[in-house]
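You will see chain A twice below: alongside chain B first, and alongside chain C after that.
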Partner chain A sequence: MRALQASTSYSAGLGISSVAAPPSRPRRRLGAVAKVEPTEKSIEIMRKFSEQYARKSDTYFCVDKGVTSVVIKGLAEHRDTLGAPLCPCRHYDDKAAEAQQGFWNCPCVPMRERKECHCMLFLTPDNDFTGQEQAITMEEIRETTANM
Partner chain B sequence: MALSLSAAITTRYATTVRPCPSSSPKSKLSHFSSLQLPSELRNFRSQHVKSRLRRRTFALVASKNQTFSSFDELLEKSDKPVLVDFYATWCGPCQFMVPVLEQVSASLIDKIQVVKIDTEKYPAIADKYQIQALPTFILFKDGKPFDRFLLHERQNPRIKLLALEGAMGADQLIERVEASLQVKQ
Partner chain C sequence: MTASTALFSSILNIPTSKISNSHLSFNHIQKKQSFFAPSIPISTSCNSTAISNSLALDHDEEVKRAESILGSKVRVKVPLKVYHVPKVPELDLTGRVGLLKQYVGVHKEKRISANLPYKVEFVAEEISGRGGKPIKFLAHLREDEFEFLD
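So, the complex of A and B:
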């Protein structure tokens, strides 16, 4: 149920039981390898979510903000294609089913129960890779993922 | 703790997928060779995709100009153990491992072959080896999974990660692989 609350707080109106169609076409950068980029809107939503959740859970972003940025984009991409921010650091048999089921929708159950974030998005203070920040700007996200 | 990861790592967030001009519907795999290193990556990043290549399955050309019609063929034809990195594009820790793997590949060039598999492009292979958390590393010997490990030991991010600052991370991974290769000899 907390997962349901988490998802409706930033995806207004999107219930976890329905898989919404992508709100807009993913933008493709000129000359990029044909990998789908998430929409700006979803990136912004997941960026805000990550900042809020880090503060709320007393966790911090990785020393290397590139890792944070890639994960935020991964969450945004799943939000676009599946209607829910499924964890981007896992392989799934059936993504749509997993997104509906909710266990791996960010914030996932392991994170909520044990502050375990395999994606290195939310790091506890005792982690070797924990930085000092709980904030990340769109500019940082753009810069650190520019070469992808 | 001052880490100067960012500069080194952000320049290396490049995908290993490289479309082949003469692509065929069969899935092919990229072979990440340790000989390539920075100059190869520079060429690689500057390549532009031709519009007709924009389809779901790409034929990938090995960086040594070898093509493989299947992962099984790659395993079969390898004369060395193969370290396979199962990754996904938007998996942060997977991208974090890119420079580490390059170093490992260079250091262990005589002992192993390093291959990366995009689990979103090749889900059947990921399913076959029951990949769940990413990145997952499987060391294949004689075509069969010989050893298998995650980035985090025991899947707990609080325990020391395999990859520490750049070079040290590579050392740890090298140690892990070498220890594994020595076990059953």
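So, the complex of A and C:
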């Protein structure tokens, strides 16, 4: 879903409209907020961080790498927009204030202190959905989030 | 002007008009108060604002309560393990006593959605840090995970 929105927003920005309808209609249909794709650099940084932190905390990625990829992309997007990788799996009233305060900055306090990651990015070995890997490649991220 | 008011006015040397007026007004005020006594929000038609108002009130109350209990001794009453203490990979906090240091549910007057808002400081006596002194560390707790030691 996100990629669809992103591609449409890019095409609207470049003036190439594959949609015959006037520009205002597709934007309204997609909602007030246009989701922007995170930069390659941010995704790479968060990918490296996730690998390193999984090793450090003795946690593993999910069996379904799509879950891991979506979370990494969400972290990258927050890093781009807010300056800090705020947990992408939560709802906030004031994102800027939360990023400043830091409770939910990845690795969040529940993860740091209790190894509880509700995003299912870092899973303890006793979890039902834990995989065997502590690594994920850029290619895997691209592949598993291509159809969104 | 009733007989009783005339009697009172003669005894107390108060003009009758004043007594009767105040008597009447007092009754009137009493009736008004009983009418407004139930604590139903006035805007019952707009449920969402009522709910959000009550939530905001709850949060403000929580903040005030948290600020009033800072510095008190607390004990962890649920099974809890932490993994962030230096030199200790896994530490069981159940039953430990600590000092409530901070409430992190508010930051610069903005509401923060932290679900473990109470920062408690513990001293790990059995582990010695540099120079043989026991290590101090902080842990974030929920309101229902600790009890007060008074």
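Assorted remarks:
Here is the rule we use: the second predicted complex is superposed on the first by the 114 of 148 C-alpha atoms of A that agree within 3 Å, B and C clash if a C-alpha of one lies under 4 Å from a C-alpha of the other, contacts with A are read in each partner's own complex, and residues count from 1 in each chain.
We take it that contacts are C-beta pairs under 8 Å (C-beta built on N, C-alpha and C of every residue); 3 or more make two chains touch, one makes a residue touch a chain.
Since the structure is predicted, the reported quantities are computational estimates derived from the model, not experimental observations.
After superposition on chain A, the partners chain B and chain C are seen to fit next to each other with no clash. Touch criterion not met for A:Leu82: it reaches neither chain B nor chain C.
Of the two partner chains placed by the overlay, only chain B lies in contact with A:Asn127; chain C stays clear of it. In the superposed model, A:Asp64 lies in contact with chain B only, and not with chain C.
Using the contact criterion defined above for the overlaid structures, shared-chain residue A:Ala54 touches neither chain B nor chain C, since it reaches no partner. Between chain B and chain C, B contacts the larger number of chain A residues.
When both complexes are overlaid on chain A, the residue A:Arg90 reaches chain B and chain C alike. Applying the stated contact rule after C-alpha superposition, one finds that A:Glu113 touches chain C and leaves chain B untouched.
Judged by the touch definition given at the top, the superposed model places A:Gln100 against chain C, while chain B stays out of reach. No C-alpha atom of chain B lies closer than 6 Å to one of chain C in the superposed arrangement. In the superposition on chain A, chain A positions 90-91, 93 are in contact with chain B in one complex as well as with chain C in the other.
Residues of chain A that touch chain C in their complex: 57, 90-94, 97-98, 100-101, 103-104, 109-110, 112-115.
Taken in their complex, chain A has these residues touching chain B: 31-35, 62-71, 73-75, 77, 88-91, 93, 116-121, 123-124, 126-129, 143-145, 147-148.
Partner chain A is touched in their complex by these residues of chain B: 1, 3, 5-6, 9-15, 17-19, 45, 48-49, 53-55, 86, 88-96, 119, 123, 126-127, 131-134, 152, 155-158, 160-161, 164.
On chain C, the positions that touch chain A within their shared complex are 80-84, 104, 107-108, 110-116, 139-140.
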